[in-house]
């Protein structure tokens, strides 16, 4: 049971590949570092996806998110990066990644990236 | 009046078969077992359906959900399994089953499966 | 001013028949009896409708809902019955009746019935 | 600065007539009188509109709503009346008026009237 | 690091120009002055946009909003002004600006301006 | 059954005079007039009391509160006036009257007056 | 298993008589009848008590509350009546009964009766 | 009717000097300036007091709070300053001033100052 | 790392024995069995304690609560049992155990047991 | 302006040393590391104190909390450690430190440490 931060997203076979269905995961324990000031940033990451052949393994997702703990990255970039990595690992029918970041300068920022076309009726 | 856990879903005739209408049921008392670790999982199961000829009997649904208490099953699989069982028992016009699982590893997971096409205007 | 429970729904002329508009009423004080066990059931009844020629009179609606106090009826049946009675009394352009019933057996049930086609833009 | 109740709605020119945009106003301090019993009624009036050439002046709207304080009128009628008066004063592209009335006889009533066609994308 | 109020909105290149995605920012610390009475007004400014080539820099947005602190302007005008300035600086695919103003005369006002066409699926 | 506003508070005998107990009543439908500007004021009146020999009759309380509809009075004065009138009519062991007034000038005011000594353990 | 309304409160021995502890029960499904108008009243009954020798059996409490369904009684009287009946059946160290009644005449009433002295530290 | 910011707090005679009672005022529209950076700070000011001979006039309080708009001051200092000024103007039996400041550096600060001894039973 | 249900509560030394402080833990994932009907019960267990020499280890507490999964026990008894077991394992200065059980028969039950005397100022 | 994590808490003189008053600060952006597993922990730190001669500087507090980002420490220990460090830096009349930690093993833990005696009337 690996317990180190890792960019290597593990997956398992979709248990119901014939039916489009949605998986939603909310991860309030995300932190990275501001590339300008080096200070910590905090966010809740929310993802929703309609799997094709593969689903993301929960513990692996946790280790993946942990891997950003010391990385300097902007809000807009890291949200799209997570979306890209999940697309590469899962090739989902559709995915949405939301980065909901703590207040900075009195401003609360939420970035939403989507990939693919959500199947009708899901 | 059976009071043992049972996979045998009881139904009764739709009292208004000529009108498409929706029945929604929320069941916060669901528990099963993680097939990896053997530890208990907890969830709220929410279902909404548009009946065709048959509706699910409330007490039977309770006994059905109870039957998972000692079963090892993954979040994605059990939500689809409940959807399949209800489709088999009810042959509804449309059904949605949501499994809203307690936090594991700092991550909150919600799985949503649907079957059939929701009639327009319902 | 009648103050007895009554199935006789009183109506008044729509004050603005040329404009499709919506009337929504929430009635948290509804009780009937379970036809299986004889025990009381409790619900909130919510209705929304777009009137045609007639609107339902508020006090009459209250007396109508009171009339179910000692009647044995299932959740799915009574919600559709209220919808049918309002359709018969009002002949509305569109109506929705929601029966939101108190928890039984750890399960919360909400039944939603609709009649007619909701005019576009209302 | 007039400070008497008045049915005379004041307007000012739309500062951005080339762009369809929405103005929403919530007015929780509305009271009129029941025409049957003479007793006070209380409501929150909410309006949303897409202006054409004119916008309603806030203080004037307040004085207009005040003017119903001693008027006997039914829920359905007064909501449509306010909609009509605003349409006459503003000739908006689209308007919605909601009258959300305090509980009477255990029933909470909300009336929603709309006029015009809401421009796409607003 | 400029720390003076400034109308000069700074931008940075969109990190993912090939994917339409949304950025939402909520700024509860906005104040300007009523042009009629000279008294302070307070608002929350919310913006959502789908960037094209450029994104708005957070600190620059804060300084921009600060620049209205002593300016006399009406609710409808300032919300459209902020929308115009962001369109000029960002040329976004789509943008929405909401000005949610504190109660005046017992009335709560929210103005919503949009520009461009929101890409499908975002 | 009187249905006119009236300062004449009706009472009935305390059904359990040997036990100190509390009666709490919340009345969100209160309006009076500002003695400076003549404009309407709105409030929720909340009262809690421990009866001695008499309790206030609910309908009479409603007619009493209605009687302030056209009276000019300040927040601090009217809350104490209601407390005085209830003390005169009920001679309670203890009473608290709260006037919770709608926002004026961006300020929300709540006045709380008490009379008598609350019995220990109630 | 009796399933008829009954004033006969069943009890069972306190499982921990040596330790003062609190049992709280909330019963939102209470209805009785107004003795003046014959119309239904609705309430939530909340009770908290520190048992001495006996605890109230849950199903028996439900049947007891059901027994008021057709009884005409005032808010203040029925709350004290329930308190008296529970004192007679349980002889608790301390008990509190709250009757939280639905809005009548725009007024929301809550009656709170207590008996005995709450042990320190519970 | 003065409408300029002013440190001159106006008062009026306590309408019920013989009864200790509480007046609570919530003022969410407060802004001052950080003395270190010159940037705006935002707060909600809440005050509660038991008057002696004088009460603060609402409009005067609003103008007083406005007078801090361009003043550089720390959170701890300005909350105590407002408390001191109200004590000087009102000589209340007891007063509490709360300054609830917007997030800075990811930290939300609330300062509470009190003066005098709150009379028992108020 | 044991991962079986176990009544054996593990503890660790209080890291600050010289200072009375409070530890609060909320465990929403508790289930046992009704000793009358054999059907599952669900509860949230909340505990607060002031440690003396020992603190309870979190994973051990989880395994302890798991050990009730197949045990038949009444609400009042199991809450006191958990309190007794924690007192035996920790010998705390003060402890409170709350069992907040899911609705049965339309009634929501909360049992609160305490042991020891809470140190002043904690 | 230092912007590195630092255990060196900066203080400034209490601006009102003659008046006992309270300062409350909520810091939702706290993270440390589990000393057993090396995995990240997340918490909200809340502190309230009555200053004596010195107050804690906000930016310094932020850098101090940041300094735990890579430190392995238990919930009970780190909350007491923060309390000790603030006592050493501020010598407050009274202080309370709350560590509110994210769910682990289905259990939510909150640790509360206090030091000194809270002055009466604050």
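For clarity, chains are labelled A, B, C, D, E, F, G, H, I and J in written order, and residue numbers in each chain start from 1.
The rule is short, and it goes like this: a contact is a pair of C-beta atoms (placed from the backbone, for glycine too) under 8 Å apart; a residue touches a chain by one contact, two chains touch by 3 or more.
Treat the numbers as computed from the prediction; the structure is a model and nothing was measured.
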| item | value |
| --- | --- |
| Greatest separation from subunit B - chain, by CA centre | H |
| Greatest separation from subunit C - chain, by CA centre | J |
| Pair with more cross-chain C-beta pairs in contact, given C-I and C-G | C-G |
| Subunit F-subunit G separation of Cα centroids, rounded to whole Å | 28 |
| Cα-centroid distance, subunit C relative to subunit H, in whole angstrom | 51 |
| Chain centre separation in whole Å, for subunit F relative to subunit D (CA means) | 31 |
| Set of subunit C residues in contact with two or more other chains | 28-29, 42, 102, 106 |
| Chain pairs in mutual contact under the definition given at the outset | A-B, A-E, A-H, A-J, B-C, B-I, B-J, C-D, C-G, C-I, D-E, D-F, D-G, E-F, E-H, F-G, F-H, G-I, H-J, I-J |
| Residues of subunit I touching subunit B in the complex | 3-4, 28-29, 31, 37-40, 42, 66, 69, 102 |
| Interface residues, subunit E side, partner subunit F - complex | 42, 102-103, 106 |
| Residue numbers on subunit A that touch subunit E, as the complex places them | 74, 76-77, 79-80, 83, 104-115, 117-118 |
| Residue ranges of subunit G touching subunit I (in the complex, touch as defined) | 14-16, 19, 21-29, 51, 55, 58-59, 61-62, 121-122 |
